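Quick one: structure below, then a few questions.
Letters are used for the chains, namely A, B, C and D, taken in the order the chains are written, and counting of residues starts over at 1 for each.
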């Protein structure tokens, strides 16, 4: 079964082939469901000039934010980039190219990239700065703009469980952008909390089929919480 | 008296209907969940991939894998479902959410809304707001009627970069409940104790006042 | 919890409001995962002039095929319409309008209809009869055609399990077109083999969230097999 | 001797690689699954929503909810996954399937393929064939080289309605294995005992024969 066994044994191996100026699509929303160790490996490698596609850019010392101090990110395509002082500094100084993209459009652009859809129309962003330079068209009396797909040289993904074939299961809202990211990478690398044998996952309950996954690695995760909100136990 | 944050939320809650799927933005909209009328059930959609958002977790329930669109830890209500971001925005963009409540910096008489960016000052990104205003038929914008310095936020033309064009029909401010149609604001209700004159003076865009304007009831 | 309880108690109630000349989107592939009792109810009602969107049109005496003898279907949008003599007769005689649509394009058109995407580009069908009258465009040197979304007045869906809120779980390849159909109906009606209480389904394992479902009915199913192929037990 | 159906399948199977995700069309392509080389694993994609198709079921295993794209009852292989039709064609259209094998009525020197319709005779629809030929980089078409009456099916221009334009690069017929490039057919291999002359005579489109053409090995 060697052919479908996607498991690699080191993070170095997991991110092998990542080169300067590549495009990396990352799953995660805020700090939830981010491929934290794959990001750390990119920091360790010191790869530069990256275009990163991710809903957010982490915080100053966690998530994609850790790639900022060494200026590893040249450009980021994201929907929301608050909560990060170094990010703001680089953006304001023009050291970092930021392409703000509506969250739903971003998700759909990743899905389209993986699904062989080069472009689609959406009402989102019509008449706003997002529409600048994009084709506009009416369907049934409503206005839409044309948005193009996004593909990455690498996609980095965090799942909960996987079998060795790369079939993935996500947990709660840590799913978010991860399934779309997984489809849109030329090389898709996934880190997970548990790896089981093929056949152990219910085929009806697999969120991402292994066909999208090239490399799989078992990790341990900090899972930092960005907004810790609790109620009293009463 | 201008409405408090809680009163704003309370008034919005009067627009809820039993069985509504609702998306509540960050800030005042979030408070609406506290005022769901007795005997009525609504289900909260959180655009990061959760339908059926519950209350905040206890310490024991705290789970880093379960957050809302404001990145706060939450729980799931009974009958909740989890999905990916593409599915979540398919729901939103496809018009399946019954009511969307969100804040704004400015709205204008043409239903334009500016809510995500102040050039040179605040550039954090639109998150899901552009999808929410473009996808929903039924949107209530909650905002203060004017700035602290008395500058109206209900304008002839938005001055800030738009979040959406021609998509807002209802605005609840701390002073008034307003409908937008035919390129004008229509005054529907006023906050208790707030005069029509005060509302007129703080509304820069054309405001239509027809007949007696009732006070909001709580 | 009345507001989210989608369960109705009769097939009549399930299909109430279906009128002549409406568009009905149906889940199912071949005879697998078809909403067989909802189809029977349409036959019983005698609704005429329907536009039906479905991958196939059943066989002569089962599935959507049973709507043919009474000429209830005016037009069908499908990818494959073999195995049905009456269908072929009506099509050849011009009594039935058939719009052949590639299977993947059909699935994507339904998804787009539910997802607020009015149109998308796909390479499928470029340079073929399917492309006639459609816009063509190049992206990165490849040719694509523009396909528009499909929406229905009704969507009829077969799922395996549901909770009373309309959260759906499908079983094996009976899933097929059902999840997309569910998103694309103004009124989506679902028949299932089992209804459980809200909270009984794992939120991570729901295939179709209840927000897409308007009516839910418990049914019993023949589940006819179109191509019964078995191997010996050895 | 022209290849048998089994030999066609056997020759296609030589193009498989360990770890390939493969979509096999109805008919001869389906037989390829029987000739997967020893020690090699491939996973079969069925476009109705199954990755990891197994063999036909026993009577005891028979399940109306588990069929393949030919509507035959099947089983699942270990590590299989199930998904909806949109996801299935996202996989196909997005180029994630490593090899697609399907039949055809005609192909031509420009890589066009006609496989789904004979006007006035056979109008059953394209099913997933148009998506498969448009989405895959690596396609092998299996077909008979000519009709029973000796009419070539390898043409300068397809005469039947196209399934796909410019998307076919490899054709295996009962007589020859052919590559399509630069607007020409290139003869790569011939069936055992079939002469180059016979292949030339039954190929209507321009056929390039360079050097010695080896016989297929089985």
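What we mean here is this: a residue touches a chain if its C-beta (ideal position, glycine included) is under 8 Å from a C-beta of that chain, and two chains touch if they have at least 3 such contacts.
On a predicted model such as this, the values are computed, not experimentally measured, just so you know.
Listed by label, the chains that touch chain A and also chain B are C. The chain with its Cα centre farthest from the Cα centre of chain D is B. With centres set at the average Cα position, the gap from chain A to chain D is 35 Å. The mean-CA centres of chain A and chain C are about 32 angstrom from one another, to the nearest whole unit. With centres set at the average Cα position, the gap from chain C to chain D is 29 Å.
Shown for chain C are the residues that touch two or more other chains, namely 108, 111, 115-117, 122-123, 170-172, 175, 203-204. Chain contacts: chain D has residues 76, 82-83, 89, 92-93, 134-135 touching two or more partner chains. Arrangement of the chains shown, judged by which pairs touch: an irregular graph that fits none of the line, ring, star or complete shapes.
Pairwise chain contacts present here: A-B, A-C, A-D, B-C, C-D [touch as defined]. Across the complex, chain B is touched by residues 1-4, 111, 113-117, 163-165, 167, 183, 198-199, 203-204, 206, 209-212 of chain C.
By the touch criterion given at the top, residues 17-21, 40-43, 45, 51-52, 76, 78-83, 87, 89-97, 134-135 of chain B touch chain C in their complex. In the complex of the two chains, the chain B residues touching chain A come out as 46-50, 55-60, 62-68, 70-74, 76, 82-86, 88-89, 92-93, 112, 117, 123-131, 134-135, 161-166. The touching residues of chain A, when paired with chain B in their complex, are 29-33, 55, 78-82, 88, 91, 98, 100, 102-108, 110-111, 122-130, 143, 160, 170-180, 207, 223-233. Listing the residues of chain A that touch chain C in their complex gives 108, 112, 115-123, 139-140, 142, 144, 148, 169-172, 175, 203-205.
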